[in-house]
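Below is the structure I would like to discuss, written out as structure tokens.
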Amino acid sequence: MSNSEARNVANPSTLSATVAGADILPSAEPRGPKPRRRFSRRNIFIYGTLLLVSIYYLLPLYVMVVTSLKGMPEIRLGNIFSPPMEVTFQPWVKAWSEACTGLNCDGLSRGFWNSVQILVPSVILSIAIASVNGYALANWKFKGAETFFTILIFGAFIPYQVMLYPIVILLREMGLYGSLWGLVLVHMVFGMPINTLLFRNYFTSVPEELFKAARVDGAGFWGIYFKIMLPMSLPIFVVAIIIQVTGIWNDFLFGVVYTKPENYPMTVQLNNIVNSVQGVKEYNVNMAATILTGLVPLIVYFISGKLFVRGIAAGAVKG
Amino acid sequence: TDLEVTHWWTSGGEAAAVAEFASAFDATGNKWVDGAIAGGGSTARPIMISRITGGDPMGATQFNHGRQAEELVEAGLMRDLTDLAESEGWADAVAAPSLLESCTLDGKIYCVPVNIHSWQWLWLSNKAFEDAGLDVPTTWDEFVAAAPALRDAGKIPLAMGGQAWQRGGAFNVLMTAIGGKELVMKVYDEKDAEVAAGPEIAKVFQAAADAREMSQGSNVQDWNQATNMVIQDEAGGQIMGDWAQGEFQVAGEVAGEDYTCLPGLGVNEIISTDGDAFYFPVMDDEEQSAAQEELASVMFNAGTQVAFNLKKGSLPIRKDVDLNAANDCMKKGLAILDQGNTVTSVNQLVSPDTNTQIEGLMTEFFSDMNMTAEDAQARFADIIANAD
Amino acid sequence: MSSIEIKDLDLAFGAVKVLEKLNIDVPEGEFLVLLGPSGCGKSTLLNCIAGLLDVTGGQIFIDGKNVTWEEPKDRGIGMVFQSYALYPQMTVRGNLAFGLKNAGLPKAEIEKRIARAAEILQIEPLLDRKPAALSGGQRQRVAIGRALVRDVDVFLFDEPLSNLDAKLRSELRVEIKRLHQQLKNTMVYVTHDQIEALTLADRIAVMRGGIVQQLDDPTTIYNKPTNLFVAGFIGSPAMSFLDGKIEEKDGQKIFIANGIDVAMDGYDGYVPNADGRDMILGVRPEHVGLHEDPSTGIQGVVDIDEPMGSDSLIWITVGNQRLSVRTAAGLGFKPGQPVGITFDITKASLFDKDGGQRL
Amino acid sequence: MSSIEIKDLDLAFGAVKVLEKLNIDVPEGEFLVLLGPSGCGKSTLLNCIAGLLDVTGGQIFIDGKNVTWEEPKDRGIGMVFQSYALYPQMTVRGNLAFGLKNAGLPKAEIEKRIARAAEILQIEPLLDRKPAALSGGQRQRVAIGRALVRDVDVFLFDEPLSNLDAKLRSELRVEIKRLHQQLKNTMVYVTHDQIEALTLADRIAVMRGGIVQQLDDPTTIYNKPTNLFVAGFIGSPAMSFLDGKIEEKDGQKIFIANGIDVAMDGYDGYVPNADGRDMILGVRPEHVGLHEDPSTGIQGVVDIDEPMGSDSLIWITVGNQRLSVRTAAGLGFKPGQPVGITFDITKASLFDKDGGQRL
Amino acid sequence: MSQTSRPFQLFRNINAKIASIPMILTASVVFLGGTIWTIVYSFTNSKLLPRREFVGFDQYERLWSTNRWIVSIENLLIYGILSLIFSLIIGFLLAALLDQKIRFEDTFRTILLYPFALSFIVTGLVWQWILNPDLGVQSIVRGLGWESFTFDPLYNADIVIYGILIAGLWQGTGLVMCLMLAGLRGIDEDIWKAARVDGIPMWKTYLFIVIPMMRPVFITTLVIIASGIVRLYDLVVAQTGGGPGIASEVPAKYVYDFMFQAQNLGQGFAASTMMLLSVAIIIIPWAYLEFGGKKRG
């Protein structure tokens, strides 16, 4: 385009357009990365929303922590959101080792080891069984397997309360009632549906050819499970462990119904502390006890957050 | 021998009382293994029943007087204490025959009653009325009349917890106080639906509606939180059993000075012989069985009874005990007991099923201002008609 | 003796019959390729041979032994998969050793076999790497190695090269061919790539819908496909098909279509009489002559010129039909240009349109 | 006027520079193929052109307009993906219409465009089906249709055929070629299949590691690859490479390797003096002559015979080197048989081993 | 001798069958057996202990004429539907936000997920407290000077179920978010690119393209949420104990209370049976679609 032509064309409207453009970009020509404002509307919206939501989600935790650090008088006066004026760890000490239920005044500490004792075999056993189930369902389909699996999924919907009685009878007939193993068995049974589902979906997503190759290589049911499948299923194991740890650690009903006082898990103590009202409710102790009880699953979460999403992706999405 | 004892006594006064049993039992060379489960009977009972039917029973367990354990006894799961009772002469020592009767099935004794609890008390905060510039009322009607003034003073007239048993209980107290013993027996023992639908019960429902009105704004669940409102002088009063006494005691309040108690709501001085009892599931182990008998014996023992009931705020089940240490309110109760102004507890008269239905109805009634007394009465009559 | 003998094999998934009354004999040392479009049952057949699927009916013999109900490991087979199927958490050495350890072989023997396989496949430097650290071609080589160490007589390959890019594919193809020449054991190889089939096979079984359409050596399959399906499936660029009828003129049988007439003299097969049946004439692009002078032979118009490096594929429109011609590269035919075409009828194929059989 | 102009394009993912100072001009109506091995940055470049990736530096012009910062929809491009990327829950019609509806086009216009695209691609009968009910080839056609309805000047294809089997691939290849001839718009086509590149392209840009190695028309790329990489990458069967040195004998420059000596007379390029540098001679299989008489030319031994239907690829060992020869099919060379070979040196390529440049 | 005939079917894959015994036993004895047992005894007048005195449909008649049961069912429906809708919507929106290649994704995700680690008892307790008009939000706002502000969902029979919902969502949406996030990550990149080239706005892409593609995730999520809803119990007990009055009663609590509190097993079993029945009505068609209809390859 020649100069003269350009001048001809340069009517007021294009002129104003160029001026407006020059305002924003002195060099006129877009070059290199598109300029992005740090505080674009989009970013403000995204981070703003997330921040608000985070506050909503953190609020209860904040209330719990703050309250657990206050003394009772302060709680009675102030509001639950205000930070403690005088930080005291007494509620924590009390919750852990002094709070009374009935005649026992040793707080949560009594239940902690019981919970661990229940947790470890229950988690190991239930996951071991569920993973084998999932593996058998995914790779060794036999007649009727799907039917049992459907019943299992049905079981996921059965309220625990409904099954309380039949299981009392079952355990009695098996002679396991009241023993730790009885409880472990119950956790295994009720953890089975959802974990089996996850493992089944996960193993289904493992390429079938891998399984076939192992069979040609002469590995049997267990050989393939232990040597091929197990080593490659870390993410789903993490998910199952998290779900089971959370469920079993937080369980109150089974722990109290199917064991004896000497085996009562921590949640029973928590229930006792929270529900034993001695005059006024000691909110600070309750909160401290609550946090202490939730600590184990929370820690498991914080440690394994990333693997959780990965595992969920593998176990829940495909299927 | 270690003996596990389960119960749901976990509040301050209760726990102190249990400690008395425990130390007395420990003194016999055995060991009390405490199996407290907080949250009241509704939390604890399923656990106890499961344990017993699951074939792994505890050494002894608390139940309320009445029909809660009936079937367990029928199923042969409970220990027969008749021999022990005869050798120790329980029948002669017991304060009211009905106490032992409720432990008896087919002429055999299966439990140890450990206290007498009566429901029919109104607990009033002296300070609250003072603040409102009123005299402490002496009857239910005065109390109702004082309610508006209390409100104006920023107090809640009647403290009431949200749990079903508290509401059902309060209703039954009103019935006993306003309608009298006869009416209670007609309705609950004879299960006369016509009476239940009749004008006398209508009066009771009217009173309940008043109570409902007065209890607006007491946002607590547990009974002792409600009691605490009275102790803190935030509420004018509370209808609650004599166990509330324990809370006042723990809080260091003095009967007559800081608080006032009105048995039978000051209207009709009758008290019921509710109470707790301990059952002893059948156990295979010889030693344990022996320990069970020892515990039963310890619980019935006069000395333990005094120590226990003083702490618990309930009345002892023996008439041959001396309660010098008893406070004002307890003495009132003992006096009524002496006069024989007692009524059988509702728990003993109706099945837990019916009881739960009544409690359910009252829970609804007390929290739903839109439910008229008439509607509620109609449903009540229906429940009585189908009661067993 | 037959190395693999398949008798009346039936296989159904529930109600869906995938293979029906299938019979194949594979002589010892033969390289048999199963070729066919996706979903025709090739993998299913291979899995039956390997024992990874339970047959619904029929029998399978390997080395004369009835293995119909044997476990895969006891059949004396090695198998290589499309996705390599290497055990991701084991090193290459571990992958190779896994089957041998399962078989309980002594350590020294395992070492020996791995060393031999690694040498043959030139994967010695990779032995201590994990599969994730290998390229596609290397992975496939390890997968072959895993079959190799098993020291079996029969190798089964399920589309081993189809996950690789064109370049690697042709390289590994040569290696597999060489491996076969070296080991001389029976191989059954599944593919849907006909170039692989033609280059590798001693015999090719062309399958469709669970049925073997033709089982023959590559040359026969290429030159005398039994039916339209085989003709169209084999050959790249593909055979062109012309619709027409046979007519007789001066005692000569002539294939006549819209604008085309081709004398069928010298056709290698039976030319039916002029009975009005619809016929299809198949000619391969390399058997068509292309002339710049439109008056030579039949006249057509250039449609597209596809240069393929060494030669070009020219698409011609004749009448309302299209055919492709293979010429040397760079002759510079332009779209729209009129040309003349001639057919080498001795290498053409005539099909009955109804049924599609070659005559 | 250039339809696409890329100036000094830089692209980095974090610290990893994928494209560096890349310049390409695509004239209007050209079919440009981006060819290269996996991971060389082809898709990245295409995404930059489409505006799906934000460039790190440089500029992109489409139809003379600087679109460096434009949104993809405003660039006047249509794009077709390897995985089809059809919207699975919409019918074919919905897939085609969705973008247009969003652009706020009137209904009639949308209908018109869909009808036209459907006609061109012959997918009219499929318009009311969902993608799940289509075969791979049909899906790809719909994907192309989605770009087509946008009525744009520039089409971008990212390996559109690599999910299809060989047969379909070659069919659709022809269709795309025809589409280009019909529409005459600019197309940029990414592939790693060199046959696709050769048949489709007006010009090919061979890429490696984010750098364009050679940008030329297919014939030049095929016959005169600028370096070893391009030479090896293009051509199937691949070019054979022989290691050796240039020596002078009687004033003639001769390429000498173990057992081979080839006079370089007539070589189309520069032959350096005998300076002892390591050289590589590249010959394509079709430019080698094969003689049954071992005394003709250089002597070699047949290694493998790969029949490929229309012709055969014979692998020959000469000295310690290997090369492949393309012959007519069915000449019956047997492994181990001694043969004579001759080279057509005018079509060979000579590379400097150090650096790999063609001389 | 090699086997020439078909071996006995039962012994094929024998190891797989042996390994599945725990599952088979659990499914058949515990879940199926327990269910049948429950159904059988729901026709008896069992009180504290199961007794085989059949009374026909008496228990069911009584069940459906009980106000509390009706309220429970209504509550479960309200809670269930709202909780399904909200947890799916909120979970998805949060996942979509987290999927925008944002910074601190891990932090945000952990914050959103941590409530899932806590038991319902804890959740109920904390929220009971925050929603308590004398201590929580209401008193704070009033303290700020807005005296007439009322926010007491747990003490208002009309809205108490929403108070429970707030806590339920707080606890559960994190997991839903995680599932959705995983689903979003599984969507082919090319789909996004195609949508951008087509000029389809982000929200439309999500609504019309991505969400329909995430069907499997939604199904898994649905199963997980729904199973939680049916079992809703702890949260109610911890937060309101079913109150005020019976305003927040739920079926699982009805079952529990009648079995152990009222000592009327028959009635409890009848209620259980109704719950199981409704679950079966949902599960069986689903299972049929999942396993019966199509065969996986």
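We call the chains A, B, C, D and E, going by the order they appear; numbering starts again at 1 in every chain.
Assume a residue touches a chain if its C-beta (ideal position, glycine included) is under 8 Å from a C-beta of that chain, and two chains touch if they have at least 3 such contacts.
In this text, all values refer to a predicted model and were calculated from it rather than measured experimentally.
S.K.: So which chains are sitting against chain B and chain D at once?
M.R.: Common neighbours, chain B/chain D: A, E.
S.K.: Quick one: which pair of chains has the most contacts?
M.R.: Going pair by pair, the biggest contact count turns up for A-E.
S.K.: Would you mind pulling out the distance in Å between where the CA atoms of chain D average out and where those of chain E do?
M.R.: 55
S.K.: When the centre of a chain is set as the mean of its C-alpha atoms, what distance in Å lies between chain B and chain E?
M.R.: 38
S.K.: Based only on mean CA positions, could you tell me how far chain A sits from chain E in angstrom?
M.R.: 15
S.K.: Can you work out the whole-Å distance between the CA centroids of chain C and chain D?
M.R.: The answer is 25 Å.
S.K.: For chain C, jot down the residues that touch at least 2 other chains.
M.R.: none
S.K.: Going through chain E residue by residue, note those that touch at least 2 other chains and give them in order.
M.R.: Only 12, 256, 259 qualify.
S.K.: Mark out which residues of chain B touch at least two other chains, giving numbers and ranges.
M.R.: Only 46, 53 qualify.
S.K.: Enumerate the contact residues on chain D facing chain E in the complex.
M.R.: Per the stated touch rule, the residues are 47, 50-52, 71-74, 77-79, 81-90, 98-99, 102-103, 146-147, 150.
S.K.: Which positions of chain B touch chain A when the two form their complex?
M.R.: Per the touch definition, chain B meets chain A at residues 4, 6-7, 9-12, 15, 18-19, 22, 32-40, 43, 46-47, 50-51, 53-56, 58, 222, 224-225, 228, 231, 247, 250-251.
S.K.: Across the complex, what residues on chain A touch chain E?
M.R.: By the definition above, chain A touches chain E via 46-47, 49-50, 53-54, 56-61, 63-64, 79-81, 129, 132-133, 135-137, 140, 142-143, 145-146, 148-167, 169-170, 188-189, 192, 194, 196-197, 201, 204, 220-222, 242, 246, 249-252, 267, 270-271, 274, 283, 286-287, 290, 293-294, 297-298, 300-302, 305-306, 308-310, 312-313, 316-319.
S.K.: For the complex, give me every residue of chain B touching chain E.
M.R.: These residues of chain B touch chain E: 42, 45-46, 49, 53, 68, 70-72, 75, 162-164, 219, 221, 351-353, 355-357, 360, 363-368, 379.
S.K.: Give the list of chain A residues in touch with chain B in this complex.
M.R.: Touch list, chain A to chain B: 100-104, 164-165, 168-169, 171-172, 175, 177-178, 256-258, 260-262, 268, 271-281.
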